[in-house]
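Mind looking over this structure? Questions follow.
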Amino acid sequence: MSLLDIKGLGITFGGLRAVNEVSFSVNPGEIVSVIGPNGAGKTTLFNMISGVYLPGAGQVVLNGEDVTGMRPDLLARRGMSRTFQNLQIFQSMTVLENAISGYHLQERGPVLADLLGLPSSRRRSKAAEEGARALLARVGLERAAEREAGNLSYGALKRLEIARALALNPKVLLLDEPAAGCNAVETEEIDHLIAEVAKSGVAILLVEHDMKMVMRISSHIVVLDHGEKIAEGDPATVSRDPAVIAAYLGTEAENADG
Amino acid sequence: MSELLQFLFSGVTVGAVYALVALGFTIIYNASDVVNFAQGEFVMLGGMATVFAHAAGLPLPLAALVAIVGTAAVGVALNRLAIEPARGAPVVSLIIITIGASIFIRGAAQLVFDKQIHTFPAFSGDDPIRILGATILPQSLWVIAGAVLVFVALWLFFTRTLLGRAVLATSNNRLAAQLVGINTNFVMTLSFALSAGIGALAGVLVTPITLTSYDVGLTLALKGFAAAMLGGMGNPKGALAGGLLLGLLEAMTAGYLSSQYKDAAAFVVILAVLFLMPQGLFGRKSTDRV
Amino acid sequence: EIKIGATLSATGPASFLGDPEAKTLEMLVEEVNAAGGINGEMLELVMYDDGGDPNKARTFATRLVEDDEVAAIIGGTTTGTTMSIIPVAEDAEIPFISLAGAVDIIDPVKAWVFKTPHTDRMACQKIFEDMQKRGVTKIGMISGTDGFGASMQAQCKGVVGDYGIEIVADETYDPKDADMTPQLTNIKNTAGIQAVLNPGFGQGPSIVTRNYKQLAVGLPLYQSHGVASKGFIDLAGVEAAEGVRLPAAALLVADILPDSDPQKAVVTAYRDGFEKKTGTPVSTFGGHAYDAFMILKGALEKAGGEPAAIRDAIEGTTGYVGTGGIVNMTAEDHLGLDLTAFKMLEIKNGDWTIVE
Amino acid sequence: MLTVEGLRSRYGRIEVLHGIDLHVDSGEIVTVVGANGAGKTTLLRCLSGVQPVTGGSITFRGEALTPVPAYKRLKRGLAQSPEGRQIFTNLTVEENLRLGAFLFSDDRVEKDMEDAFQMFPILKEKRNLAAGGLSGGQQQMLAMARALMGRPSCLLLDEPSMGLAPIVVQQIFDVVKGLKALNVTVLLVEQNAFGALKIADRGYVMETGHITMSGTAAELIADPRIREAYLGI
Amino acid sequence: MKLTPKTATLLVLAALVAITPFFFPSGYYYRVGALIFVNGLAVTGIVILTGYAGQVSLGHAGFAGIGGYACALAPVHLGLHPALAVVLGAVMSAALAWLVGRPILRLKGYYLGVASLGMGILISMVLNNERWLTRGPDGIDVPDLGLRGVLKDWGLNLSNGEFWYFFSGIVMILGAWAALNLHQSPTGRALRALHGSEIAARTVGVDVSRLKLQAFVISAVYASVSGSLLALQNKFITPDVAGFMHSIEMVTMAVLGGAGSVLGAIFGAGILTLLPQVLTVFAEYEQMVLGLVMMLVMIFLREGLLPSILRKLRGTGE
């Protein structure tokens, strides 16, 4: 049994089968990438797995438990965490506070204690803050800690989202285009970060259009097209698959080496 | 039977009044996401200005025209002097501005006009029309026709014209609207002029029924707001349906249940509808994705 | 110089009442000062607009007492504002003359509190008396839900039994409502009704009257003293208002009072003065302020500027002829009016007539 | 065609552009590369007029651009496909495109729309869908297509390849290259520096609000510093 | 030691309450001060609901009504001490908020606004119409709190005005203290997070509906206690406290002063309470000036009075 099992997931939007009968699984320490053309259904798949959309068919099994359609916050408690393709930043909070909110599950406590400012409440906050600072350093945002998050550039916000997702100390991490808006060098840094996280035993599910990155770090790749899984396998196999090349890669494979 | 019909007439009359106010909300909301709480004051201005212009010797149609144009000018001024300078402010700030504006306009009206209650003659007499034992005043027909007319015009404007689309685009994403060459300031000016004009028209039509005074705006704004939300803010269809529904609810409750709690019943139904349809009857769902 | 204070609802939902009250006080103070003041002392009027908000009224009352240090307070346009001023006046021991209707203001009697308008209970009694004369035994009632309407509704229900009359339909409307035909339809369809009574003020009664005609109810319609102003006939429309009866003070019918009527001179003078100064038709509410001021003036003339002395002098008011009637106060009666102060009026051909 | 001299801009009290000089000649494709937060987006926002300029000048076709309000700049020929796509999420795909040609009401609008659909067939499929329902990449295509609907003589592109499938990235770069033939000038901000420089004539490197390097595309690709800092080679 | 915003705010408030009376020319100023504090307490609740959690309520005066009428009715009908009536009112408000909040907090923006408006109107309607209990629109007497007498026995002789000034001031500071605690606490952060993005808040594990409900209940308690204090102070209450205008007033005070910060909102409460008192010199222009002030503040100080002023001060300081 794997950590995360996707079994025959599907959903339709007003007649459009955005995702259809997709199955695969992710193990701890593995990086599984989902690639495919724009509109293939990758983000939709993520949304179903993370409880944002209610799947029309199929099952999501996390750690042996059927969590299909479970609320995101309950999934978070079970160790699932994600980032978003369309940034979801807490704009008017500082960068640090954004990161701290990733620790919500660890730091939360009775409201009354928080209202009365009991020492227990302050202790919880303090621990979370320390963790958050360390995480910000890890994504290279330590200098921006006190800035209002809304003022950051796009690429910086992407990294902030990753930091926040990591704060949950997840067992399964879903990353939707984490390197979008970053240049080759910045992308490589994110690469390393993801690889490191995976190494610590986290199961990672990745959507990314940067093929260099995908090929470099994936242990397994699932290819979607029009909501269907059209191929899967290790990077080498997938990148040679003619169907994948036709639908998705084009001639990019050669270019990337230039 | 005639009883039911009478309640129906009452409900439709009052509902048409609410619908007219709600329709006024639609345009400014569609251009800026702001619910303009001064909308009721436009209705008041329409009625009061007509009363005073009429008293000053203008024939009624001309007085009404003067009132509508004048109120539209007030709307434009409101946009120019208060809304436009606050561009980029959060929506709550804009709402407070419109509340401030409504207090200001009310205060000005009690000085410029007076604190008395006024009315002017109904357009086609006061002889009730009898249908199956129930009665309706000719002026009610004017109000209903006005509401339907404004609805059709707005509906066409928003669905059939590029300018209407531009109004929607302005509230949806002001930055992008500018980038495609929409003069968002003009769109706002236009919206305020139209909204205020429609409000004033409402005031002209309803005054012979509801009477008017410097402070009628608040209640109308409140009921119109509730109607617009019931129907789904921003959609002319919603404004019309919401207004009529609210009016009918009030009349039916007053008729069959309890006149004391007729507003309560209306709100209970609004709550129930929103519980099932959080965007109101015809409101569009936001389509933003994550 | 003597300071008198006032907090009135010159704006807000009761501005219909408060506005003429404020204008009356201003006019009278001017007149008194122009005539050389009271016993040579000039009057200073400190007036605030509480917008009909009882909480504000209380604050202004505190201000009048503590900051402006007035000798007496006039005001409280509505019962709500009055009730919230009472504790302030009582605590500070400053005489207070209210302009609001409810009987609760002076019943039970409070040492420092007086009022000038007839109580709503008196209005009910006057109306029921008239109904009784006409042989009415079953009526429908439609009241506004504002303070005025609700309070009078309650008072009427309290005394209606004394006249052998039964209320068989009891409806209400919100003061800002646009249409009352559903309520009136229900009243019309209630079996055995012989007359309809509408306690309320502002625009509601006008709309009720119009709807009443629209539905062709065809029974006697009684309004309250809350609509006692010329404007009512215009707003309801001459046709619709035809035959409507209401209890009101002599002020409204100054012209048709017989010359022998002791009030005639007073009300004519006040009406002419007010209409000349403000350009708006006189209403009974301004009359309440007139009476309050005149009673206070009488007391000041007698007692000087000391609150306790003023209080005693007000309580000792006898035979004061005002717009509301002839006032005879006692330690047990801080109103001093009886039912004879009310006249029953009927609207005929767009004007008031006195019913015998 | 487009000349920027000593351009300064700030958010509140923090200045983020400290005097930018650059120029784009008619028919050229010029690219700007730089790290996250360098100020590239801010630069483009200044050019399209939605960001206040606090110093320096922008000249477009010989005229000062700074006093021209944003909505009039499209009429002058300047269109932008902004960062974060900024589509009208509540309107349909077709309405988005139609509004892209807000200034025009001639027959060419229809034709341009057909061209756009040809370029991005998926948009045609979704023409009656609210644009907010599109996938990220589809929205990016829409933003690009909408900018083209404005018939620009100079196109400002802020990371047009972001979130697009590799096969579409190629296509986008081909389109941009193709614009040259139509004599459309392009200022291209890209994180995919390699792809951008390959189709560009010239390039600028931006670091924390300054231009630190410039040259022909070939020079920049060959420069070891660039290769290390931006191309990751 | 570094002065945190929290201690700074509390110090400012305490200083205000303690020091301003030295400058009061007459007892009336105590009354105005007490009103400011009562309103300040209510808007602090709005800060939690609107400023932190981003949820708009146009019906909070309803809770003030419940708090106020609890003080009028519970002592008479249940024989409760008025102080316990305050608690009873708060509990009832909390219970009602908890019940009503569940369905209506699913709504967003204006839809939540209209739903809460409906709730407020229903409450005020009950207060108006159920004469047998509330005595209707003309209002009802409220018994004395009795605390002043107790203090007198202990040798602290305060006038009525003074007592309510200090008592309301202290309650308000307590309220502000709790709201400030909340701001930097895990719950407060979660509230502000869901304000920023509900989806993202969910994915970090925030139980969004529960937190919104908590904020709603807490702010209802603030409003309720504020209503109780007002009723006890006035010894009289009318349904106006529960009215729509009062709800709008609360939100306006908060936004005008700066809904995001406790001090700002209290500042707003101060301004809007003082304005009508100051504006009496404008007589019939009062309304116009009031409307004008509201507009001008929001146009030129759009984040609210206090935050904008502070920003300007800091801006020139650097």
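The chains carry the letters A, B, C, D and E, assigned in the order they are written, with residues numbered from 1 in each.
The working rule: contacts are C-beta pairs under 8 Å (C-beta built on N, C-alpha and C of every residue); 3 or more make two chains touch, one makes a residue touch a chain.
Nothing here was measured: the structure is a model prediction, and the numbers come from that model.
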From subunit A, what is the lowest number of touch steps before subunit D is reached? 1
Looking at C-alpha means, what's the farthest chain from subunit E? D
Count the C-beta pairs in contact for C-E and for A-E, then report the pair with the higher count. A-E
Could you put a whole-Å number on the gap between the CA centroids of subunit B and subunit D? 42
In angstrom, rounded to a whole number, how far apart do the mean CA points of subunit D and subunit E lie? 49
Using mean CA coordinates as chain centres, what's the gap between subunit C and subunit D in Å? 73
Residues of subunit E that touch two or more other chains: which are they? 129, 199, 284, 286-287
Residues of subunit D that contact two or more other chains, please. 133-134
So which stretches of subunit A touch two or more other chains? 43, 52, 84-86, 88
Just spell out which pairs of chains touch, all of them. A-B, A-D, A-E, B-C, B-D, B-E, C-E
Within their complex, subunit B touches subunit E through residues 35, 82, 85-86, 88-90, 92-94, 96-97, 99-108, 110-111, 222, 225-226, 229-230, 233, 260-261, 263-264, 267-268, 270-271, 274-275, 278-280, 283, 290
Residues on subunit A engaged by subunit D in the complex (per definition of touch): 13, 36-40, 42-44, 85-86, 151-156, 159, 177, 180-188, 209, 211, 247-252, 255, 258
With touch defined as at the start, can you tell me which subunit C residues reach subunit E in the complex? 10-11, 48-49, 53-56, 58-59, 62-63, 65-67, 78-80, 83-84, 86-87, 91, 102, 104, 145-147, 150-151, 154
Write out the stretch or stretches of subunit D touching subunit A in their complex. 11, 14, 33, 35-38, 41, 83-84, 122, 133-138, 140-141, 159, 162-170, 191-195, 228-233
Hey, which residues of subunit B end up touching subunit A in the complex? 288-290
